[in-house]
Every structure is written in structure tokens, then in C-alpha cells.
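Going by the order they are written in, the chains are A, B, C, D, E, F, G and H; count residues from 1 in each one.
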């Protein structure tokens, strides 16, 4: 085979790769658009009006996730499944954001932490890596850390909206999350950095609870009522 | 070997060679002086920094005088170093060696303006600073009139960069004050910092790049101080009425007490 | 045509361009000077004294904007209008700053968001690109983002000055802004980065409202009034 | 000796050095794991349940420190003792964390500041540099600064848990620490930065004491009552 | 107009801009492909075989430039002509490359410097800025500087191919170019930097001529033949 | 499943990943060691003595490549084959270097360009991506670009060693390579940057051939032989 | 004096300084223009025609230097003379270039090195720093280094123009310069870098002399014939 | 004012305060020592650099001895400075302060290996360098056995970084040699530099990052030297036969002449 024939062959390979990247880029754009819509919807809960309307918002968000599923189904058709990590960087960011949104949704619905299985189901992707397009552990964790900071904000706004019990529940939830993260031995730099942010969320929510406590605003806070 | 040795029969007393020999001496002398100034500059920086740490040790009226006396003696020592710089620069163009000692001068400005704020709650001006940097020159014969004094001048840019850093120290002072239960200093500081911020806003990007670069830190310091004042204000809103009365009487008592002392 | 004649012609072209840039530079310097004066003037509202004197400050600022108009009128005379984007970088920064100042002024006057039309009017420039010297969308947005961070600072200082209602109004305003920005699909890197800063402003102001709310300092805050 | 022989000799030295670093890295990993376990244990005191169970936690933590001693004993076997500062960066971070944990433990046990001698003993290392593996003074100070911020958090959570006297004691303790740190001339390094954080810890605790004070929740509230 | 309506309108503007950029990107890719093909063709002249076949290569290159014209015609349909400089950066690089290729072609055909008018004609674009899609002076100059370095390479390869007169002609040509550039007062950084490269090309070609001269290989070089 | 159980499971996943990375790191270190040995061996051809001893050097290098095969066989056992691109960055650099060394070896043996198939065989890895551990196109190209710069150095040193024909052959070879690369549409930034270096290698070797040609040192250089 | 008054004062100083810089910039531009004209003039000597016309060129250049004197006289009026080094960077580059041109002129006139005194005179400035606007020693040296590289180019072109004695004289001259520069202890700055270039100029000229020498083109070829 | 002064009735003889007072002294002493070492390090750097410039002044056999004698005396002076570093480090962990003076040591390595190459055409080994850095300590009582000598050791990394920079100087020497008409030195240098390059290839990326970073400059230097040799070779191909013969006889004459002198 002549050098030229060889390079013609190589160019074919390079082109194929570039085409795949282009295709992925397009689907990722659609995913970002849908993610933005879900975000607008769910962030309404920080408003006094929105906090009272959580169930409706959750239902609507679930519908949006159907669109997400369609896009993600299309995404995995764009490349051979064993090359997941070759193109991983391209969808990594939007996938983390979708995990955050799904975990926020599940929290608002049930005040529980969405599992990796459950979030895979919501996104309509595989849970096990071997089976195909899946959710990388680090991307899952990254999305969950975003949930923590969203919840610390929600705690603050709940108080403003006159709901003094939600912060207490959020505090318990975030403490559990924090405890979970402490069990992890994180190597990954960007994840570790975000994790360092978690302790500020924990502290923030502790201060909210403190504020409620010292003013006797915790409904069934034992100590203070006892002292009254 | 094929070495053409005779090529370097260049006459070592040729005009070119003699000229370059004098260049050698001139350049070496210049570099040596620069190096001495770098060393003096480092000394000035370190001692100025230590003075700033010292000044943060004012924690009450009690130790104020003692700390201030020590700070003054440290700054005098720094000025002696600056005098050595001035001596190196006699007959020179100061700007030729400015890079060697400008960090030191900036740190000195920071220290001396900090000292001045603590004693007088005012911004020490560049002209006052420069007045302190005129030294009597004992080595010169007293006959030569203009050589009686020996001095080095802080440039406006040195001054501004020093003052920009000062704001960081003032922010530290503010946070400490809150921690010490001092409720007045933070408000005084926020006013003072806003004035300085206005000043820097006025200068904007007309100064050199280094100044603009420090504006971000300055803005952050101001914001920390404003937040501290905010916190004092909101928490003050919760004081029960009877305590507030107590506070006022306590305050006036102290003020009277102060009057007696002074 | 000889090579030399050709290069002489080219040099004429280059010189013309350099002269235009020089002229623009001078006008931009004057604009920056005026912008700095407006800034110091409006910045006064953060002082306890200043916050009480807003109307006077606004009147003075309006006068300064007349100077701005003169400079901008002069600026657009310096180059052929279809070369707007050739020299755009030169005035971009000061124009964004003027948008910020105009939007701050309008906010202080009426607590509304200045529209792109209105800001063009204040600056005395065209609203429609086709008509000549106009305001690029991204520059408008950039100026508005600066407003958000200035207002979050104002909320803090209002409280210090004893005004507990202004922060509530600022909070509503910034929330609306934030919602607006979420509708945008930002590509531009520097704009997107600044937009990320907006969420800190939102959070900051939410915390101010929280602080007022929990201490019963909000006039018609439902929960706490109930406790009265 | 030929040039390449010289380089082979140098490479042998570099390899030996790399092997040492690898060995140190492994021990440091074990230390980090143990430190993480102690941290999980001691951080329990921020929970309402945990605060009542301090003595048990302290006993358990002491046991963990025996494991730390074993790892540190192993660590110092990995390199010539006079080369401590050659490898210092590798264990610096974990050692600071262990100092923090030891100082937290000692504080919880006796509400005193662990001395540099005492912490060396808890860690089973030398107190004097000349004698071998010791604790660098800056690492000691760094660990102590972490204690301060942990205690300011504890003060907040104590109030939530209904313990109003602990914040007062913490306040006295941190004030003394602050007084000590003011005596130091620090360089512009990471220690200086952490030291700046101490001012915020002092401020936070002052705010807690203030909150207790104006509500009459301090048993022998010194400041305001005294001024009456 | 509500804030939301306003932002919806702004998003419309932003989208339109992004669509234009996307369209331009695609045309530019096609241009790059054609430019690459012309380059492969013309670079053949550095080979001993190629240098003898210049006329055929030039004819083929002219054909490719017809494709270039089509792409450039399509490019200017993508955006309003007064926004040339808004999108300039996107096609700048490929346009400079096309100028280089056209100037190389013209040099090979006639050993003259292509004028800005002539190159505009080859590319099928306007010569005068006012009339529409044109060639910026700096882009023209940038392309011409590439020609100089290509010719210094050609001089070297001509000698290898046994053609000793071409270097002399190239030398004269590049000297004229150099003289032309000296007439310019360049401000633009990247252009100035490339121009600094020209002096190396001048020097290189002078050395080639020197080599021919000292070996008596210049056909009608007066001095040396005289001495024989 | 409790939050803690879930995080314990996640930590298992993270650990497994970290263990894989650690294992890969070790094999890569061994590969680097072997690559360094091959490098020093082949680098010897630049010495006057070495250039005469190419066959022996090639035989020895082939032996070293057996060691490489063993390491690479071990490498691909360390991770599931569909995660090739997850860990790609870890071995990418050494693999490019091995491709360079293999291509240098093949060039020295036969003065041909090693194909991607052939290099895969020398390294004992798969040629087709689907079959497992393979050689990424870009890594292959990157290694080949290093070959070009090594050969331009060899051309120079051959002349110094008195071999005037080798540069001519190298020139032909590098020209063919250059032509091949021109066929590629490179997107990848780092590869494109390295490719820009190729034109310096081409120029360098053209100058060597020029130097030989003008001094009549090329055996069958037509013009000069005519002069004999 | 209020804080803002102080800043107004400082700003006045900064503005004055900026005005000075602006004034200097303008004069420097004129100097650059004149320098460019002198350069075009003197560079003519590299052409075969020009080399024969050196005296006329020198006379014309001397006239240009009168213009230079006028500009430099104007330059020193722009700022207080004891602040020379405050603004040094602004004219440094053009002054070095003028030194080069003056030294080139003097060399062409008399084949001697212009002294620092003499160049000061040609430029109409002071020789001693104390007396006012002078020539910094490093700028002088920098200009002289440019002369060396210009002369090595001239040596090459002299041969092309059939002048075989000039290179020998240049060689002696540059050797003396090189000997002089070896006496200096330079810092790692731009002067050092340029000085490194001198070695290449010396090498180049040695090669020219060698070429002449082996072809018996040196009239009184010192080295090789002497050794016979 | 609301200042809570009694808060700072912190007992200044409390255990914590006393501990921190001792910390203050310890830290200040450490920083002062570091600063002194930085200054010594700068002196070492400057004098080593000047020695390198001096060594480049060897232009012929004629001035060789003179230059080498001066270089040796300069390097002795540098070693005295290094001795001062060693004195500062008595009883200390050298690595604690290494950053302060490592640039100086590297420059010294560069200077001393350059000197050694010029005199012996060999690479001066790290152990030989370190041998020269053992000093007699006159201040210690002669009884304490192990304290008789006082020394500081160049680390392998210092050495390698110094040698990497040496290659730059050797490249300069090579280009100068060609300019001087010295046809042998370039070939010797290319051989020597290739050996060093092989050495660094052997080390590869197993050393610290700073070493890998210098590899690029090293490769460039080698390539410049190889190009110079290449040029000498091709141009040598044009020497007419009769001149070549002359050259050979001239060469042997010089060699004989050299023998007589030595």
C-alpha cells in the first residue's frame, strides 16, 4: 500500500470521528435546551408562590424528562457503545445537570435521595456500564452535590415564605448526604473541589436552624419549648 | 589543531577594547548597585510587614500606647533603611533603579498609613509620607547648600498601591473589631473604605495596570466590611427595649469617663 | 502599477485606519472620564446619607448623560457606520459601563429595568442596528448584569441605613432579571461567565430578605405579623 | 567514569527517591483513611444526639489514634530522618489534619488547647526536630486554626441543641487563641490565609454570644449586664 | 413590555446571530477544503518533476479558484453586508490563505505580484469596501508575506533541480517586496510579527545567490566570469 | 436502601476505578523505561560510529520490542476492553512514543513508513478497534510526526559522518509523508500543532539536499555531473 | 484634606504623567518614521548597485540625522530631565535603532566603530547622564550588536557583488567587536540574547572568509597561506 | 464606646500566650535565616554567572592560563559564600531552606562544570563537586570529631539542572569556536553534548518536572551544535586537494610545536 493510499484511509477514519462529534454536539444542544426548561420550572419553588405549588411543578417536570429520554435515546445511537468514554466529555456537563434536576425533582416529590438506579430510569439510560449508555459514578455524584447547594438555598427561602419546618428536614437530609460523602475517597480533582463546597451548604443550613432555634421558631424543637 | 590563534592578537590596548573595558566597569557597578538596592528593598518589606502585624495587636485602649510606641520605633528603623536607599541613589536617576525597591516602598506606605489610621482615623497623605523621608545628610559638607538633605520620594503609584493594600488590613481590622465586641470601628471603617473606594473609582483606569488589578481586591474588602456592618445592624434590631436604654446610659458613661482621662 | 506605488497606496489605507482608531481612542477616554463621574455620583447611594438623597443624585446624573450623548454623537462621526464592528472592541467596555450606569439610574428613579430602547435614548444612539451606531445586545446584557450586583450591594447597605423595605423590592426585581436571563441561550463566553455571577447576587439578596424576615423586620411578612 | 555511567548513577539516586515517595504515599493514604474515620466520629458532636455523647466518642477516637501512631511509626522508617523536609509536602496535609483532630479531641475532653508537646505524644512522634520525625510548627498552627473554625461551628450547633453555656466557654477559648495568633508574624502563605479565617470564627462566636446575651440566655452574661 | 417579553425578544436576536455564525462556519469549512486542494497542487512545484510542469499546475489551480468563487459568493449571502467586521474573525484565516494561494499562482504564471484588485477578482469578491464583501488590507498583506516565505523555499529547491537563474529572479522580486513593506507603518501585532519573518526570507535568498555566485554558477554573473 | 449503604456501594465503584488506574500507572512506568532504553539505542545512529552500525542496533531494538509486547499484553489485562477511552490519557503519551520508536526502527531497517497494521504487530496489539486494545489513529499520526523530525536530524548527522546519499533518500521519504499529511483534515489541536512542525523538517532537509547539490556531492545530480 | 481631595490630587499627577507619555509617543512616532527612511536608504548598500554608491548614501543619511536631532531636541523638552528612566521604555527601541543606523553610517564612511561620544553627537544628545538626555549604555551596545548582524549580511552581499576584500575587513572589525563584548557581564535580558546572536554573525563571516580563502579569492589570504 | 475591653484581659502570662510567644521567636528566627540564605544565594548566582562570562573569554591558548587562574579565584570566592550557607545550616535540616539557595547552587554547578570542561574536556561529577564543598570548620572545637568539617551537598537535582544549563554555555562555546576558526572543538562538543543528551534521555521523565522542562532547550543546543558540525563538514568538502595536503602538514607542525612547549 502506498503512503498516499494509507493516508486516504486514515482520513476516512478521522472524518468518521469528526462526523460523530458533530452529531453528538447537536443532540447535546437539544438536551441543554430541555434542561434549561426544567430548571426554570423547578427553580420556581424558591418563590413564595412556587413553594406552595410543588406537586404541579413536579408533574410538569416529569413530562419534560420524557423529552430528555428521547434525546438521550437518540444520543446513544450516534456512536458505537464501547466508545462511550471517547466522547464522554461532550455530554458530561449536560448529564451532570440532568442528574441534578432529576435528584431535585425526586427530593421535591418525596424528600429522598434519588439512587443511581432511579436516576438512570428517569433518564431512560442503562444502569450497568456493560449494558451500554450509562451514568458514570462521578457524574452522578457531581449532580448530587448540586442538589445540596440548591437545598441550602431552599432552606433560606422556606423561612422567608414562613415555612419553618422544611429547613429542619433539609438539615437532616444534607447531614446524611455529607456523611455519605465522607465515606468516599475522592481522587478526582473537580469532584473533590465541588465536594469542598458541600461543607458550606451544611454550615449554612446549620445556621438557619440555629436562627430558628434561638428565636423559638422551631415548632417541636424540644429544648427551647421545654425552657419556656 | 586548526585554531587560528593569531586572530586573537586583537590589540588589547585598542580603542574598542579600552572602551569595552570601561563599559564592563560601568555595567558591573550598575548591577552591583541594583543588587544592593534589592537587598535593602527586601529588608524594608519584611520590617514593614512585621510592623503591620504588630499594629494588629492593638486590642484595647490598654495596650494601644505600648504597641504604637513599638510600631513607631520599628518604622524609624525602616526609614533608616530607606535612608540607605537614598544614599545609594545620590546623584542617580531614581527611576533607573526603581524596580529594585518599589515593593519595599509600597509595603512601607501600607504600614505607615495603617499606623496613621489607627492613631488618627485619617488617610496619611503622600506629601506627609514624603516629608518623613527627607533625611539630613551628615556625610556631605555643610557648605554645599542643596545637599543638606538626602531623600527619596514615594511616587504616586507606589502610594496608591500601598493604600490599595492598606484596605485589606483595614478589612482585617474591621472583622477583628466585631469579634472584640467593638461596635463603632466597623461603621467608621466602612465610611473610610467607601471614601477610598470613591477615590480609586475616580482614578479608574487612568493609572497604571497594577492599580486597576488591585481594584477587585479592594472591592471585596469593602464588601466584607459592609456585610459586617449590615450584620451588626440587623442583629441590633433585636435588642429588647430595656437593654437598649441600658446600652445608651452605659455608652454615655464611658464617653464621660474618656473625657476625664483626656 | 509598480510594487512601490501599490504599497504607497496600501500605506494610505493603513494610515486612514490608524487615524480613525486614534480618534476613537480620544473620544472613548472622554466617555470614560464622564462615566467615572457618574459612577462616583451614583455610588453615593450606598452611604447612609446618600440613600436619602437619591432624587437629587438622579437629576445630576441625567445632566452628566447629556455630556455622554455629546461624546457618543462625536464618536459615530469618526468612522463609516458600516464599520461599526471593525472598531467595536474599542468602545465596547465603556459602552457596557454606560449601560450599567443608565440602568442603575433608571432603577433608582423608577425601580424598573431600563429597556434596550430606553437606554439607547438615554445614550442618544440608535436602537436599530440598520440605522447606525447602536447598542449590541450582548453589551446591553453585560451592563444589566452589573446592575444586578450593584443592587445586591445596595440591598445590604439599605439595611445598614435602616431601610428594611428596599431589599424586598430589590429581591423581586433581581428574581425577575434572573428569570429573564434563564430564557437566554448564551454562547458568548465572557457574558456567560458574568451571568454565572448573577446567581450569587440572587442568593445574597435572598439571604438579606431572610435576615429581615426571621427578625420580623419585613412590614407585611405574613407569619411574623401573625405572631404580633 | 563515562558521562552515561554518571547519569546511570544519578538515575539510581532519583529512582531510590521516587521509591521512597511511593512508599510514603502509601502510608499517607492509610493515614488519610484513619483520619477520615476519626473525623466522622468526632463530627458526630455537631448533631444533637452526639453532643451528649462526647466522652464515648473521645474514648473511641483515642483508640483510632493508636492506629495513627502505628502508621506514623511506619512512615518515619521510610526515609533518612535528616531528610524530613525533603518529603515534608507529602505528609504535610494529613499531619495538619491529624493535629486538628487531636486538638479537637483534647478540647472535647478537657476544653484546653493541646500543646505542641502533647500533640506529638498523641501522634507518637518526636517533639524536637533534632530527635527525628517531628511536627513542624506551621503544621501545628495550621491544625489549631482548623480547631477554631470547628469550634465556632460547634457553638452554633450547641445552641440548637439547647446548650447555652458551651458557646460562652468556646468564646473565651477562641479569644485566647486569637490573642496568641496575633503575636505571630506570618508570611503571605497558606497559614496567613487560614489565620485570616480565624477572625471570622471569632466574629461568629461573638455573634452567638450576643444572641444569647440579648435574650438573657447567658447564665452569668458578663458584658451587658455588667454595664448596667 | 414585561421583563420576560423583553428577554424573549433578546433571545430572538441572539439566536439569529448564532445561526449566522453556524452558517458561516460551514461555508468556511468548504473553503478550507478547496484551499487545501489548491495547496497540494501548487506545492508540487518544489519537486524536481513539478518545477517543469508549472503551466499545467497553474491551469488546474485556476479551475479550483472557480470553486472558491462559488463558496465566497455563498458566504456573503449569509449575513447583512454591513456586518462584515462582526464575523470577520471567522473567515479571516482562510481568506489570508486564499490570498497566499492566488498570489503564488500569479507569481508562477507571470513572476509578478498580484495586486489587491487582481486578487479580489480571482476570488470573485469586491475590491472596494463600500460595495460589499471585500478583502481587508491586512489580510491581503498577510497572504503576501506567506508568498515570500514560499518563494525563498522555491529558490532553494530550484537550485537542487538545477535551475540556477530562478533564485536570482526570486531575489529581485523579494527585495522589491521587502522594500514595499518597509514603506508601511505597521501597527497590527500579528502582521508585524509575520513581517519580521520576511527579513529571514530575504537573508535566505541572499545566501542562495551568494552560494551560486561564489561557485560561478550564475550564468551571466559579471564579476566571477570576468575573473575566470 | 439507606443513603449510607448507597455510598458504600459507590465507594466500591470508585475504589475499583482507582485500583485500575494505579495498575495501569505501574505498567506505563515499565513501558516508559523500555521506551527510554530503545531511544538511547536508536539515538546512537546520530554518532559517526553509530551510523555504520545500524543493523546491529535494529536487531537489539527488535529484542526490546519483545519486552514492550509483554508490557502491553499485561496493560490490556488491567481493565475491561470497552473502557479503552476511559483510561486512554494514561498510556497515550508512551504509546505515541513507542509508535515513533517502531517507525524509526522500521525506517532504519527498510527505509519505509511503517503502516498502522505493522506498528500494531510490532507492539503486539490489535489493529481493529473492535477487537480490543488498539492504536488510535491520532496517536499513530503523532508518532509518525516525531519520526519526521528525527529523520531531518539524521540527515544532518549523516552528512557530518560523510554519508551524502542518505539525505537524498530521507528527503524523498519526508516529502511523501508531508504530502500524506496534507490529505488529512486535522481538527485535533495538539496534532495540528505538531503537524505545523513538519514543514520545518521538510525545509531543513531541502536545505541539506541543496547544500549537497550545490557542492556537487549528490552522486547522480544531473547538472553538476555534466560539469565533470 | 478629605480623602477624595487627595485622590483628585493624585489623579492630577497621573494625568499629567499620561499627557507626557502621549507627547513622547508622538515624537517617538516621528523618530520611527525618520529612522525608517534612513534604513531604506542605507539598506540599499546590499544591492549590487547600491554598494558602489555608498558615499552618496552616507551624505543623504547625514542629512536625515539632522531631522533626528530636531526630534530628539523636541523629545527632551517633554519631561523633567531627571526623570529620564521613568519614560525610558518609550524611546528605548527607537533610540537603539538610531544608534544602529548611526553606527552603520559611520562604518560605511570610515570602517570604524562609532564611539558612545560620537553617536551622542550625531544624535545631538548629551554624553553624560548628569547633563541631561543621554544614551543609556545598554541601548548603545544593543545598537552596535545590530550593526554586527547587518555587516555579516553585507559581507555575503559584497561577495555576490564581486567585492572580495570587504568581507575580510568586516571580519577584522567584527572580531574586534566580539572581543570587546566578551569583556562584559550581561544579565539574562534582551541584550544578552542579542549578544548571543553576535556569535552567529562572527561564524557567518568566518564562513565567507573561508569560502574566499579556499578559492584563492583573498588577496593576501592570511591563515592558510601563512601556514604553508 | 461599646468596646468590651475586659475581653482582652487575656492573661499575658497564660500558658497559651507564653507558648505563642515562643512560637513567635521560632518563626521569626526561621524567616530571618531564610532571608539571609536568599541573599547568600543571590550572591552565589551572580558571581557564578560572572565566572561563566569570564570563561568565555578564553579565546586562544595564550590567555587560557590567565583566565583559568582568575576563574579559579572567583570560584573559590563563591565557595566561601557556600561555606557561609553551610554555616547557617549547621544543625539544621538542609531541605528546610533548600528553596532559598538552590538557584545559586545550580548556577555554581553550571560554572564549575564549565570550568572543568574547558580544562579537561570531561564532565565534572557530582561527587567531585561535593568534595570541594567540604570545609574545615575552624569555629568548632577540634575535639568534637564529626564536626571537624562543615559542608553542604549539591543534590542530584541541583546538579542535573546545572548541567542542563551548562549545555547552553557549551553551545555558545561551539558557535564561538567556529567563528574563531577552531575546527576541532565543535566536533568534540557535539560528541560531548550527545553523551549528555543520552544521559538526560536515560533519566527521561523519572526526575522532577523542572528537569523535563529543560530538555527542550538541551535538544535545541544539541541541534545547533550538530548543525555547526554539519556546516564545517560540507564546506570542508570543497577544499581543493592541494590545500588539504597543506592543511595536514600545517596541522602536524602545530602539534609538534605544542609538544615542545609543554
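Keep this in mind: a residue touches a chain if its C-beta (ideal position, glycine included) is under 8 Å from a C-beta of that chain, and two chains touch if they have at least 3 such contacts.
Small disclaimer: the values here were computed from a predicted structure and weren't measured.
*Asks:* For subunit E and subunit H, what is the smallest step count along a path of chains that touch one another?
*Replies:* Minimal hop count between subunit E and subunit H: 2.
*Asks:* When I count C-beta pairs in contact, which pair ends up with more: G-H or B-G?
*Replies:* Pair with the higher count of C-beta contacts: B-G.
*Asks:* Which listed pair, E-F, C-E or A-F, reproduces A-C with over half its contact pairs identical?
*Replies:* The pair repeating the interface of A-C is E-F.
*Asks:* Which integer distance in Å separates the CA centroid of subunit D from that of subunit G?
*Replies:* Result: the chain centres lie 63 Å from each other.
*Asks:* Need the CA-centroid distance for the pair subunit A / subunit E, whole Å please.
*Replies:* 51
*Asks:* Quick one: subunit B and subunit D, Cα centre-to-centre, how many Å?
*Replies:* That gives a centre separation of 34 Å.
*Asks:* Which whole number of Å gives the spacing of the CA centres of subunit E and subunit G?
*Replies:* Distance between chain centres, rounded to whole Å: 34 Å.
*Asks:* Where in subunit E do residues touch at least two different other chains?
*Replies:* 179, 183, 185
*Asks:* Would you please write down the residue numbers of subunit B that are in contact with two or more other chains?
*Replies:* 4, 7-8, 31, 59, 180-181, 198, 202, 206, 238, 247, 250
*Asks:* Name the touching chain pairs, please: which are they?
*Replies:* Result of the pairwise touch check is A-C, A-D, A-F, B-C, B-D, B-G, B-H, C-E, D-H, E-F, E-G, F-H, G-H.
*Asks:* Hey, which residues of subunit F end up touching subunit E in the complex?
*Replies:* 175, 179, 182-183, 185, 203, 206-207, 209-210, 213-214, 221-223
*Asks:* Would you tell me which residues of subunit A are touching subunit C in their complex?
*Replies:* Listed in rising order, the residues of subunit A that touch subunit C are 32-33, 36, 39-40, 43, 46-47, 153, 156-157, 159-160, 162, 164, 208, 211-212, 215, 217.
*Asks:* What does subunit G use to touch subunit B in their complex?
*Replies:* So the residues of subunit G touching subunit B come out as 1-4, 6-8, 10-11, 13-15, 17-18, 82-86, 88, 113, 115-116, 129-130, 137-138, 141, 175-177, 179-181, 183-187, 222-223, 226.
*Asks:* Name, in rising order, each residue of subunit H that touches subunit D in their complex.
*Replies:* Its residues touching subunit D are 4, 6-8, 10, 14-17, 19-21, 23-24, 26-28, 31, 91, 93-96, 98, 123, 125-126, 156-157, 159-160, 192, 195-196, 198-200, 202-203, 206-207.
*Asks:* For subunit B, which residues are in contact with subunit D within the complex?
*Replies:* Listed in rising order, the residues are 49-50, 53, 56-57, 59, 172, 175-176, 178-181, 228, 231, 235, 238-240, 243, 246-247, 250.
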